[in-house]
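Given below, in the form of structure tokens, are the structures.
Shared between the two complexes below is chain A, which pairs with chain B and chain C, respectively.
And now, the complex of A and B:
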């Protein structure tokens, strides 16, 4: 996806050698193996659904991390891109009979275009101003979504059911394909983040995050690289939106455009560890099951117990460990 | 595309907008004070307001205390909360990364909202029989008496806050800390105390606003968020850190909200306010009365 928006340059420096190279590869292989066999070991639809949710939110958090964690632009409105992906593919399907995979690509294109339109003026804003601007945009887009009858308005859109097939991106008899498609999307997002982390792009992003003035003074075009970061970020979030629409087969502004979604995405990444490759995944893997668990324990909306824990975690991480759980482990290993 | 309302409706709208604007102004003043002092946006500001409203509601429900009498209680409770927030959280993130500065108070807001929902359920609650209720006629149109009283009180509170900052020694110390905390520290001002005081006063502002708001508005865990958004827009429009700016901006935002609701469509009134925020920060980032 990076290739469509800007060149990913080769690394000047060698990728820093892992301290224990053997272990890293073994762990990665074990993780991949576990992901592949998971649905065959845990056969309950519920477990599979939770796993799919973890993958989806991990990808959204990772995409947010590219913009906010690496590049330092804290967006509190990423639901805009999620909704754009979901609505674009669904409306194209329902109105003009587009194939959902084409819709997915179209959703990415629209979301990336939108990200540039939003980013170009807003990247002049720093810190809090930018964060609040993204909230404002998110609220405006949700208002438009609720009132725009062409895309279903407040009633939302119900996807017409098709026969199971990969081409139709709908699976009813067995939900396994959803699991593997989402795992694949997440893997792709992780791979892109990993590449970014180790190439010039990643160094530029971090330079902009740490000190924009210094980055500019060494010749980095700040706006250009911020726009690249938001384009990559928006592309993956939009893909997640299309996946969500195909998986749930129903969408409305409350499910794909709410502020709560934007916040959840940040929260997972921040608690897991921003600016780290594994942070968003760790955050999603810990917090999504937690929210499911409290819902089972307390019923309904779970008495907001999950949010109670999320809020407390978010503040604690911000105060005591801004690098998140992964940052904590890294520091501990580095000693 | 535009609806043309009758003169009566328009006048009523303008009055209502100005009345709400006074409330927005006081809420925003608290936010602006904190920002001016230490360049931190309190993302839990709306939840502070919500707690002020709940304080008033429970005083009414448990002890049959009228909202008017709850004002000092709510203000004191919120002052304490603001003070504690600084001591427990903000003190530790001063000078920290932007991410920590944003998400520390953001997390606090989520926590307080969830705590309210957990403890008191998501039900909408209302103060049933307050001393002050019913409509009143002003300039031939009818507006709610509680709104009028609330707005008047907010203006008074706003005036007191302004006098406190401009006329008292402590106020001068606050202002000095806001301008240059190192120089202020060299002059013998205990800046740490000023920060805590700023958080206390900033939160007490929403304590006052919340108590009055509870006399005519529903109380529920999520009530604060919308007001907080309005306050961010107000503070941006007035200029971050400018207390008088908050008043003018609050009144303007109240008007924009009501008029866009009347002239375009009610569904778009908040979208219009957010559009104003974007326009302001992009075209005039320092706001109407910003210092920089």
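And now, the complex of A and C:
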């Protein structure tokens, strides 16, 4: 938790930018510049792949953060929306020849609809019970995916290869188009989060997280706003699912619907800092390269080493800094 | 027409009858005190009125609007604000943000809500603590914060649950002045649960006394203070004597 005094200036929507135009703007510009030039400095596919994964998982974690970090509804079933986005666009493309970009939009629509069907009954559950329900739903959906032949069943779906083009959403010669597409999606997700923080929606989400009964006492319909939160969250996760399908060109229930994906997304946000704009990105930037490093170092013999390190990190964060790394920095800055 | 009409409310929790056929009305501009020993059903009645508990029997009306079956947020948007016996500030939000959230019901833009919230914080004399996290306030400050938060929804009826409970003696006069100003300056109607008899007798136009979930007296403070059933159930003989000191006094 933060210190004794809080960010009154955050109440003024214009305040942070107008009062501190210096370091914040410079850092943001430097970050954007670094993101833009990265693929031209690091030309190896491996480096670009790691960067793309950081962006993808940062977006998933940020989307999770909208529901869980800001609104306080801890979901451990977000892989459902990831899989929904991936399968919707892929099936539409393979069976009916839809353009993958239209498939992406369709995936978002289906995931948002599904989020409402899941959310409406589940939001009656509080705290841990909601989290347990999302695990159960995730397992049910994965089991359905494994047994539903229409979407490839356990064998999965292999995307037909097409010529490199933005319209076809496939790039084989170089990964850099994927890099910029994913960077754009992440930027959009962060922009939406930034906007949410500064509007009534963000204040309502935080009030619901803090105390649902008190939030109701000031006229906030908690079910309505939780449903809005899960809809926004599901939309971005589904977009991530479509991106993943187009990037890897193969999907099966084990890769897009596993519980481990839901937990990973949660871990990234928790380590970086839930309920903060930059926490999920920091968590992904720290843990995804770590995961890649341990995978390379230990290969098949050390498949769970990254998870051991994750576990140690998570335990440390829970014990020493429950607000995550960004929360720790905010406290140092006296916010 | 009564602003609030409670008609035959019964609320059971298993075999326990917390409210038994409770009826009373609150007229516009009144301050009504709700008294009774612990377990009398006062807070349960607040929960029923504000939509947190559905009653087993009876009805609640806010002017012509039926409250039973509405959610707490819907009840609030009709014009009924409340505070809680067990304080419920948004602990990890600042004092200002706590009140802004409530003000946003009528002012969606954060800048406008901020201005409005500051006015309510000035009213409860907490404006200088606007940037503190609510979790760091003391009990008296939290009571005032909850008052400001409830006021920021612009209610016409305010239900206050134990305003002075857990507050040090020096803070009580400040809270009493605030309640008096709520009616005088804001034109609010109030229903106040309070154990401090000196407080409730001094601020109320009317007292409704509950005992074991039933209304045992309803009338002006002077009459209720002398009511034999109220003295036996709650006040004690000492309160009936001129120099007496009843519960919480």
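Following the convention adopted for this analysis, the second predicted complex is superposed on the first by the 312 of 335 C-alpha atoms of A that agree within 3 Å, B and C clash if a C-alpha of one lies under 4 Å from a C-alpha of the other, contacts with A are read in each partner's own complex, and residues count from 1 in each chain.
Everything below uses one rule, namely that a residue touches a chain if its C-beta (ideal position, glycine included) is under 8 Å from a C-beta of that chain, and two chains touch if they have at least 3 such contacts.
Note that the coordinates shown come from a computational prediction; the quantities given were computed from them, not determined experimentally.
Colleague: Is A:33 touching anything from chain B or chain C once the two structures are fitted on A? First, second, both or neither.
Modeller: neither
Colleague: For A:263 in the superposed arrangement: first (chain B), second (chain C), both or neither?
Modeller: A:263: touches chain B, not chain C.
Colleague: Please work out whether A:204 is in contact with chain B alone, chain C alone, both, or neither, and reply first, second, both or neither.
Modeller: Only chain C is touched by A:204; chain B is not.
Colleague: After lining up the shared chain so the two structures overlap, which partner does A:72 touch, if you call chain B first and chain C second: first, second, both or neither?
Modeller: In the superposition, A:72 contacts chain B only.
Colleague: Contact-wise, after the overlay, does A:215 reach chain B, chain C, both or neither (first, second, both, neither)?
Modeller: Touch partner of A:215: chain C, not chain B.
Colleague: Chain B or chain C: which reaches more residues on chain A?
Modeller: B
Colleague: Between chain B and chain C, whom does A:160 touch in the aligned arrangement: first, second, both, or neither?
Modeller: A:160 sits against neither chain B nor chain C.
Colleague: Would you mind listing the overlap between the chain B footprint and the chain C footprint on chain A?
Modeller: Looking at chain A, the two contact sets are disjoint.
Colleague: Can you list the chain A residues touching chain C in their complex?
Modeller: 1-8, 10-14, 198-200, 203-204, 206-207, 210-211, 213-222
Colleague: Using the touch definition up top, name the residues of chain B that touch chain A in the complex.
Modeller: 41, 89, 92-93, 96-115, 117-118, 122, 221, 229, 232-233, 236, 265, 267-268, 270-271, 274-275, 277-278, 281-282, 285
Colleague: What does chain C use to touch chain A in their complex?
Modeller: 50-52, 71-74, 76-77, 81-82, 84, 88-97, 100-102, 104-105, 108-111, 113-114, 117, 130-133, 135-136, 149-150, 152-153
Colleague: Could you pull out which chain A residues touch chain B in their complex?
Modeller: On the chain A side, the touching residues are 68, 72, 74, 121-122, 124-125, 127-129, 131-133, 135-137, 139-140, 143-144, 146-147, 263, 266-267, 270, 274, 301, 303-308, 310-320, 322.
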